[in-house]
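The first chain written gets the first letter, and so on, giving A, B, C and D; residue counts start at 1 in each chain.
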Amino acid sequence: MSEGIGASVKRKEDRKFLTGKGRYTDDINRPGQVHAHFLRSDVAHANIKSINTKAASAAAGVVAVYTGEDIDVGGPICGWVVPNRDGSATHEPPHPLLAKGKVRFVGDAVAVVIAESLQQAKSASELVEVEYEELPAVVDLETASAGAEIHEGMAENRYFDWELGDEEATDKALKSASRVVKLTVRNNRLVPNPMEPRAALAEYDDLNDSYTLYTTSQSPHLTRLVLAAFMFQIPESKIRVVAPDVGGGFGAKIYVYVEEAVCTWASKKIKRPIKWTADRTQAFLTDAHGRDHINNVQLALDSNNKIIGLRVDTLANLGGYLSAFAVAVPTYLHGTLLSGLYDIPAIYTNVKGYATTTTPVDAYRGAGRPEATYLLERVIDQAAREVGMDQAEFRRLNFIPKDAFPYQTAVALQYDTGDYEPALDKAMEMIDYKNFESRRSEASKRGKYRGIGVSSYIEACGIAPSAVAGALGGRVGGWESASVRVDPTGTITVTTGAHSHGQGHATTFAQIVTEKLGVPNSSVELVHGDSDRSPFGMGTYGSRSLAVGGVAISKALDKVIEKSKKIAAHLMEASADDVEFKEGKFTVSGTDKETAFGEVALAAYVPHNYPLETLEPGLEETAFYDPMNFTYPAGTHIAEVEVDPTTGVVEIVDWAACDDFGNLINPMIVEGQVHGGIAQGIGQALLENAHYDENGQLLTASYMDYCMPRADDLPSFKVECTNTPCTHNDLGVKGCGEAGAIASPPALINAIINALSPLGVSDMSMPATPETVWRAIQNAQARAAE
Amino acid sequence: MYSTKIVKAENSSAAVQAIGSSKEGKILAGGMTLIPTLKQRLANPDCLIDISGCGLEGVEDKGSSVRIGAMTKHAAVAESSLVAKAIPALADLAGGIGDRQVRNRGTLGGSVANNDPAACYPSAVMALDGTVHTNKRDISADDFFKGMFETALEEDEVIEAVSFKKPEKACYMKFPNPASRYAMVGVFVAKFSDGVRVAVTGAGEEGVFRHSDLESALSSNFSEEAVSGVEVSSDGLMSDIHASADYRANLIGEMTKRAVSS
Amino acid sequence: MAEVSLKVNGKVENHEVGENTLLVDFIRETVGLTGTHVGCDTSQCGACVVHVDGVSVKACTMLAMQAEGSEVTTIEGIGSSEKLHPMQEAFHENHGLQCGFCTPGMVMSAIELVSKNKSPSEAEIRDGLEGNICRCTGYHNIVKSVQAGAEKMGG
Amino acid sequence: MEIKESYDLPLPIETVWQALNDEGFLKNSIPGCEKLERISPNELSAEVKLKIGPMSTRFKGKVNLSDLNPPNGYTISGSGTGGIAGAASGSAKVSLSKMEDGEGTILSYQVKAEVKGKIAQLGSRLIHSTAKKLAKKFFSNFVQELAK
């Protein structure tokens, strides 16, 4: 069917966005609305000696001014904790909604000024006097791990010290190895930068003692849960959270931030709707950042170049407060992926998470998996170079063979299915790998260094099953819910707890309905993003929407079909067991009896001829789906670059990606997700870096200094897929949202090293800016001259 | 943005008068730098004098030079067939400033008056031995630029036009800052019958400057080899998170070579 | 306060606003057309691109008073949901948008780009979209969309 | 960041040292200084208007004189807040020594500067050059004042 599973259906949601009719949080206004402006700390680390809000409170248009002392509810909570190596628990220091006694990063909210207009709020905030007693800034992991104190009573300034794997076996492998390949890499700190800045509009309803919060969230139900149960301690029914159209998330909009909570809290105090919208610099300062690891890697090889062990010691910079999933990212989303798609018998990893006086760090597209893939694909490449093997063949030699599935890794995961060589082969074919050397020599005639870099990755999507997540320290479930309501006229309303902020759920999910019920896409309406209109949900992150939320819809559809069959059986006077449903029609096997889906729908709501004694009327079903396992997308990306040695500029001349996402519902949308992911990965590898000075000032706090990938920084991409369907969900689907961002950084860095290896360059840090590359060339040339 | 008053001046003397009668008035040309600054509340002028109605737009061929009105947009210079014929390098430079939308609003006069150390236009004014025409006087390029963000302009002075001498050959090569797209290094090389002028922007701590070593090398031998023979010093060059002084020095050499060989 | 009179999508808009009102705020708040977005503070992201007298500008870096007497066209003014502009159609057909936030500015820039260059090459499109940042698409499909849009517009 | 420079002055070291401790001299030397009042022997309150390109901000703060080693030098440091623009601080370690001819004085300085808040967030590319420029201006103003 042209609109069902597997079809590149054009997106249903496009029209509103293309005509300017999208409705984002800042587009919404409420009668009597006032504006909030947050006064933020200019210093990275200080005790607050005093705050004087008197003049600000008296300023024109000011409705209220609040500081941390005024707020009587708790702040953001931690959604995942892990045990320390010594058995003690993760240290979870409090994170007040507005700073209390101390500020811990530049941008920490110190006071909120609420006024009739935004300009008035800003002007008044200039009158708030804050006296700080400055303390030393702690910016890098070296300082953070050397006796800094950011949270009172937190030993060694460490949030956690976690381990996974078999240390003894790994160290034994390292000792017995015929070669140990060593590498230290830094995964640069990134700022997610969805194009829509965060915003909130909170309104209190006096009559019902309830709140409505419009917010830029990837997970409105989680926001409701955190606000109601953990901050305000009121029934969840008293808070409605609406995440309308949301302009991108990439992780940064998963969490509950202080601004939305403060606006919600204050809306009751002043009994007026309060709006807050971040400007871009506030977004840079306060949206949770991503990555920022230092990894020490040791890879053990036997004499046949087979990997026999891997040890990774990681330091993670988590910033001034522990963000919701900050603990999960460098631990269970990182350590468990260290086997990659390789057969590695022994792995051990230790991760220490430190506090610094920088913006809190949390999940950003890929969240832990890009870090794992980066270090692994870098050390694999170095190993291939050291043993003198082709980079692709070295990988092939060490891949988990296709007959080894399900494969139990040395780091807790069980991969259900996979076949890695076809994707590698296809990517190599797409980029014409075998003729690369002739392209390299042609480029060298033009004075350019040409290189090719491979990255084979695996990731784990859809954080579940809940029981496992819970056992590992997760404090939320890993399920998703869906309900499917068939209207009397046969149109369908699907509600989901997943949230679309660019992913095209309205289209993809409708395709599942079309496939299963045989109704056209246009008859399917998707409801999401409003906690009052959809059942409880978990939101969208970790490439889970389809693999968990989509499967929940499929399960609800199965229930609808099952019930429909009973109704159809009644209508056709047959036994339900004999009824078949296909392409929107019910038939009775062995007869020519048939009835259309629409007739069954009508009968369900106008039950004049209906088995009321055994079946309830109506046709609406809800399903909760909790997966049995993660899904494991995998694949190979190959980048080809040319380096201009005179300037260090890297030009990406070709890109081939071959991914295994299992079954595809909408290949067009999947491809778009891959493109976007690759672009963000290229951004990390070449352009982006959150740069703090030694005083903890973020020097890249606007697009003047933080380098966002633009159209002319990127090439077009060749994207194809292989398919080993997921074995444990009904749709055979995996996740695709993060793959590009996971696979691409090492492909690019490996390509640059490959290009410059004739000069003796063997390492390259991210971002590989022109100067970084130029310096590497200069240093290599200087070494060669010695 | 703080509240302010807007005065629409009809000619440059009215603009000067308005500045005089304000406490801390500012000329608003294209606004590409000024408006973002005001939005951040990093300045609080009591009055903005909009000079878009002063009739300062247009390109004229003056024989040995091209005269361009101060309020001429970058896009107009980039698309001017007159400029393309007389000084193609100048049209190229204008076509590479900022992005399309900046070029549709940003003006020559605004860029020159602001003298941002990373702006493109000052290098053209300097390399093309330009003259800045104000309501009061004509100022030669060498006297006009006084260091980062500083010019010879007095309080009661408004730029009306800039003249650029037609070179025998010229080229502007820009290595953009990857984030802001301003010049990290921009080199404007102009060959005249009596010598070569090389102006560098984006690199100097004092803003745009002429590179005398490169000029003398190229004046006697206009070739890439001549550039290779010059040791570009990093003294006095900017160093920031995007590029060190050493790297900028390297780029000056490279961009000059490219400009010469283009 | 000052009286500002200009046309937005062909309709005269005459309002008393603060003299420091940005064109983008005039469009979004005074006129109530929220398709023009604000994504940064430094004139770089291009989410706010509109046409003023036929040329694309960043509405966040222009005062409403500077547009006095001008014809402003926003994303709402180039097509309707019944009859999309060919460029809007091309973005739909080529999956040139994901979250939709940068899309209005991107489409407005693309239309101007094509009006100046009837059949732009891939490199010219990439270069011409320098003033518009998209975080979702990696630009691959935006470039395809603009190429297709150029063809539809009669290039 | 650190900035170093030195000047040769045709004046005796004592004269230079005296000037370095005179608020009138200092006020005329600090670029954009609108107000400078001594509040204790080694502490002055200051108001400085800083103009960098289109930006124009008034900083209020203090100037401190420390490590006094008459007449061989001291450290002059200033810090101020510029409201919404953020804060700036800087210090110059000033050393005076007699020139070999015994008449003149060599004034050398080493400057450290840091900025906070919006000016750091938005103006990072200009921080170093601006600090250098302001330091240069301060000392060239100072030398000019001395020559008067």
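Everything that follows uses one rule, which is that a residue touches a chain if its C-beta (ideal position, glycine included) is under 8 Å from a C-beta of that chain, and two chains touch if they have at least 3 such contacts.
Please read these numbers as outputs of a predicted model, since none were measured by experiment.
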Check your understanding: Given the contact rule stated at the top, which pair of chains has the most C-beta pairs in contact?
Key -> A-C
Check your understanding: By C-alpha centroid distance to the whole-protein centroid, which chain wins?
Key -> A
Review point. What is the distance in Å between the mean C-alpha positions of chain A and chain B?
Key: 44
Check your understanding: Between chain C and chain D, what is the separation of their C-alpha centroids in Å?
Key -> 48
Review point. Using mean CA coordinates as chain centres, what's the chain B-chain D distance in Å?
Key: 31
Practice item. Spell out, as numbers or ranges, the residues of chain A touching 2 or more other chains. Key: 119, 122, 281, 691, 699-700, 702-705, 708
Point to revise | Overlap residues in chain B, where contacts from two or more other chains coincide | key: 1-3, 40-41, 180, 241-242
Exercise for review: Among the residues of chain D, pick out those that touch two or more other chains and give their numbers.
Suggested key: 84, 118, 122, 124-125
**Study point:** In contact (per the touch rule at the top): chain pairs
**Key:** A-B, A-C, A-D, B-C, B-D
Revision key, fill the gap. Seen from chain D, its contact residues with chain B in the complex are 52-57, 84-85, 118-119, 122, 124-130, 132-133
**Study point:** Residues of chain D defined as touching chain A within the complex
**Key:** 83-84, 86-87, 114-118, 120-122, 124-125
Practice item. Please give the residue numbers of chain B that touch chain A in the complex, ascending. Key: 1-3, 41, 175, 178-180, 241-244, 247, 250-251, 254
Exercise for review: Would you pull the chain B residues touching chain C in the complex into a rising list?
Suggested key: 1-6, 28, 31-32, 35-36, 38-40, 48, 50, 52, 75, 98-102, 104-105, 180-181
**Study point:** Complex contact set, residues of chain A against chain B
**Key:** 119, 122-123, 646-647, 687, 691, 699-700, 703-708, 713, 769-771, 774-775
